[in-house]
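Below are two complexes that have chain A in common, paired first with chain B and then with chain C.
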Partner chain A sequence: MQANTTSEANYDLLTLSGEVDLHYSPQLRESILGSLKAGKPLLVDMGQINYIDSSGIASLVEGFQAAKSAKLGYGLLNVSGPAMQVLTLTRLDKIFAIYTSADQFAATLPA
Partner chain B sequence: MTKIKKLLEFQFPARADQLCQVRERLRETLRACSKSEQMVNYVLLAVGEACMNIIQHAYKDEPGDIILEVEKHGGNMVVFRLTDFAQHKTRGEEMRSRPLDEIRPGGLGCHIINEVMDEVQLIECDSDCRNVLQMKKRLRTPRD
Partner chain C sequence: MLGRSTESGPPMSFLEPLIEPLSAADTPLASDPSAPQLLRHLRSRIYDFANSLDIEDTLNATLATLMRDLRTEAAAVFLFNQQQSELVCHGCAGPLDLRGIHVPLGEGIIGQSLAQRRIQIVRDIRQTPAFYMPMNLDTKGYSPRSLLCAPLLVQDQALGAIELFNKLPSPGNPEGFFDDLDAQLLDILAAAAALAIRNATMAHDLVRSETLRRELQLARGIQERFLPPFNPADPIVGLNQAAKNVSGDFYDYQRLSDGRYAFNLGDVSGKGMDAAILMARAHSLYHCLAKTQHSPAAILRTLNEELCEHAMGGLFVTMIGGLYDPQSGTIVLANAGHLPALCRARDGTFTRYGASALPLGILSGLDIEEQRFTLAQGSLYLYTDGLSEGLARVRQPDGTVSNMANDDRDSGMDSLEQLIDRLAPLPREQRLRQLAQEASQLDYSFDDLTVLLVEKPQA
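Moving on to the complex of A and B:
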C-alpha cells in the first residue's frame, strides 16, 4: 500500500494505492486520524486500491466515527471495483459518503 | 465418486507481512479455476480474513505457522483448508458474524467469510493440537 496526503484548500486528500491488509492498516489508520486530529476534513481517494480487507475497512470506519465526533467532513472518492465489493458485502456502502469527484466533496464543506 | 485434485499446498509464518505473498499464490490458482475476477476477489478476501483470524485470535500475534491447502472436488467445488497449531482452540461461536447495523471498527471478518463461502466448518483435531478451518466455494458454473 502507498498512502500520500496532500493539503487542498479546505481539506486533506489521502490518496491510496495497492493492497490494504493487516500489515498496512495501522499505517492507514494513522494517516486518517492524523488529518482529522489536525481538524482537517478528509477525502480518501480509493481509485487505485486493488485489495482491501476488514482491517483496512476498520481503519476507514474509525475515521468515519472520529470525523463524526469532530463534526468534520469525511468521504471516499472514486472507490475501485474490488474496494466497492467489500463495502457492499459489509453494507458500509450505505454508510460512507462516496463521491466521484473531489469537487462534489468540497461543495459539502463549510465555506 | 468425486474426483479430488490438489491445486495448492504450502506452509507460511502466521504474520501480517506474509499475507500479500499468500494472496499472490492463491490468486494464480483461483484464476485457473474461474474466469470471474469478481469471484477471485471475493474468495481471496475470505481466505485472507480467515488467515487474519488465525494470526490475531488463534496465535494472538505470537509466532506460529499456517498451512493452506486448496483442492478441487469434482467440476465446480473448491475446498480451502487452513491448519494452525495454536494452543487457542477456535470455537464455533467465534466464527459468528456480528450485527452489521452496529457501525464500529472490527468484527467483520467472520461476516465476510460466511457471506462468500458456501460452507464453513471448524474441524477439531485435539489429539495432535491442530485446528483446521475448512471452507468450500462452489463456482457458479464449471466455466465461471
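Moving on to the complex of A and C:
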C-alpha cells in the first residue's frame, strides 16, 4: 500500500494505492486519524486500491466515527471496483459519503 | 601505568598467571596495576558482568564494579530506546538518582557519547555547556564536578551508555577529575559490560516471547472451548481454523428446548488479540440471548446496541444469525454486513442470502431484516472470507500469492459454489474438511477460516 496525504485548500486528501491489508491498516489508521486530529476534513481517494480487507475497512470506519464525533467532513473518492464490492457486500456503502470528484466533497464543507 | 605495563615484558610472562583462580568480585583494582594484574582483573570483570541473565542484576553489577574499579562517587547506566531515539536511565549507584531520566540521542555529554560512538571525558562540568541536567531533577545537594561517559556497543549495535560522576578525591587528585587512563579503562570495561547487557536483554526477550506464546496458546484453547461439541445427530456442523494463534472468526449453535436450533457465524474485522476479545464478547452475548429470544434479527439488534455502547477503535463484527426448525425445515436468517449465505438445493441450484444491514458495532439503531426459506433436503453454508477469498487467490509465477483474482471478489463465491457442487457427494464432515483444505491449498494463512453447514444428517 502507498498512502500520501496532501493539504488542499480546506481539507486533507489521502491518496491510497495497492493492497490494504492487516500489514498496512495501522499505517492507514494513523494517516486518517492524523488529519482528523489536526481538525482537517478528510477525503480518502480509493481509486487505485485493488484489494482491501476487513482491517483496512475498520480503519475507514474508525475515521468515519472520529469525523462524526469531531463534526468534520469525511468522504471517500473514486472508490475502485474491488473496494466498492466490499463496501456493497457489507452495506457500508450506506454510511460512507462517496464522491466521484473532489469538488463535490469540497462543496459540502463550510466556507 | 596501563600504557607502559602492557608494552613491557615478554607476552608469555603474563599469560601464565591468567590461569590462576579468578579474583573475588569485590577485589579493587590496584591504583597502578601491572599488565598481568590488569588482565586478570579484566578477565574477572568479564565473568562478573556475565554472571546473571537478569537484566537488573547485570546493570547493578556493572554499576557497582565500575564505581569500585574507577573509584567514582556515582554512576548511571542508560539504555537506548531506538524507537524514541533517546537514552533512558535504568540504574544508578551513589548519591545521584537519575532513574527514569530521558536524554535525546546526540544531546548532552551522554547523548553525544552514544551518537559519536566514543568515550567522552569532561574534566570540569562547570565549564561544559553540553552537560545535560534536567531542570526538575532533585540532586539532593549533590553536584557533579567531573564526568566520564562510554557508549555501550556490541559490534555497531547501540545498547546505551554508562556515565560516571566525580572520582573520589585523593592526595594526587584533590578535585576528583577523571583522566585519560580512566577513559581507557572504562572503554575496555564498557565493552565487556555491553556484551553482558546484550545477553541479559536477549534472555529477557526470549522469556517474554515464550510467556506470550504460552498465553496465546491458552487463549486459543479457551476459544476452542467456545465451539459447540460435535454431535453426529445435530443438523449443524462447523469448522474453524485460526490464521494466527487466536481467531476473530466464530460460529456457534445450540439446540433450544423446543427442538429448534439457534446458530450464528461471525467475523471480527482485523485479527489478533483485540479481535479475539471482541469475538468472545459477541459470541457470549449471542449465545446467551438466543436461549430466550428466537428472532435472529432481534438478537442482532440487541447485540449491536451492546457493541455500540463502547467505542472499539473502528472494530466491527459481520454476523449472520439463524434459526432452524428440523421438523418443518424452515430457516430464518438475519445478515448484518456478512458475506452472503449460500443455500444449495438438492438439484444443485444456489441461492445467496446477502446482508440486509451494516456490520454490528458501528451505528446504533440498525434495521435488520429477516429472510425465511425452507431448506428441505438442501444445504446451507455460512462462511468467512478466509474460505471464499482463499479460493480466489492466485499464485503468481514468482511464487507469491496475490490477494484476489484480478479484482473480482465475486470470483471467490463463484469458485466456492463450484467447489461445493463438486464435493456435494461427500459426507458433511468430510466435505467441510475438504472445503477448508482446498481453500488452504494456496495459502489460507492470510486469514482465519470458518464454515458452518446446516443440513439434515444422513440416516
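Note that in this section the second predicted complex is superposed on the first by the 111 of 111 C-alpha atoms of A that agree within 3 Å, B and C clash if a C-alpha of one lies under 4 Å from a C-alpha of the other, contacts with A are read in each partner's own complex, and residues count from 1 in each chain.
Everything that follows uses one rule, which is that a contact is a pair of C-beta atoms (placed from the backbone, for glycine too) under 8 Å apart; a residue touches a chain by one contact, two chains touch by 3 or more.
Bear in mind that the values here come from a model prediction, so they are computed numbers and not experimental data.
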Exercise. Using the superposition on chain A, decide if chain B and chain C clash or fit.
Key: clash
Quiz item: Of chain B and chain C, which one contacts the greater number of residues in chain A?
Solution: C
Quiz item: When the two structures are overlaid on chain A, which partner does A:86 contact: first (chain B), second (chain C), both, or neither?
Solution: both
Self-check item: Partner chain in contact with A:97 - chain B first, chain C second, else both or neither
Solution: neither
Quiz item: Can A:3 be said to touch chain B (first), chain C (second), both, or neither?
Solution: neither
Quiz item: What is the contact status of A:21 with respect to chain B (first) and chain C (second): first, second, both, or neither?
Solution: both
Quiz item: With the two structures laid over each other on chain A, which partner does A:106 touch: chain B (first), chain C (second), both, or neither?
Solution: neither
Quiz item: Where does A:65 make contact in the superposed view: on chain B (first), on chain C (second), on both, or on neither?
Solution: both
Quiz item: Once the shared chain is lined up, is A:53 touching chain B (first), chain C (second), both, or neither of them?
Solution: both
Quiz item: Residue overlap on chain A between the chain B contact set and the chain C contact set?
Solution: 19, 21-22, 51, 53-55, 57-59, 61-62, 64-65, 81-82, 85-86, 89-92, 95
Quiz item: In their complex, what parts of chain B are in touch with chain A?
Solution: 16-17, 19-20, 23, 38, 41-42, 44-45, 48-49, 52, 55-56, 100, 103-106, 108-109, 111-112, 115-116
Exercise. Would you pull the chain C residues touching chain A in the complex into a rising list?
Key: 267-271, 311, 313-316, 318, 337-340, 354-359, 362-363, 385, 402-404, 407-410, 446-447
Quiz item: So in the complex, which bits of chain A are touching chain B?
Solution: 19, 21-23, 51, 53-55, 57-59, 61-62, 64-65, 81-82, 85-86, 89-92, 95
Self-check item: Touch list for chain A against partner chain C, complex
Solution: 19, 21-22, 25, 29, 50-51, 53-55, 57-65, 80-82, 85-86, 89-92, 94-95
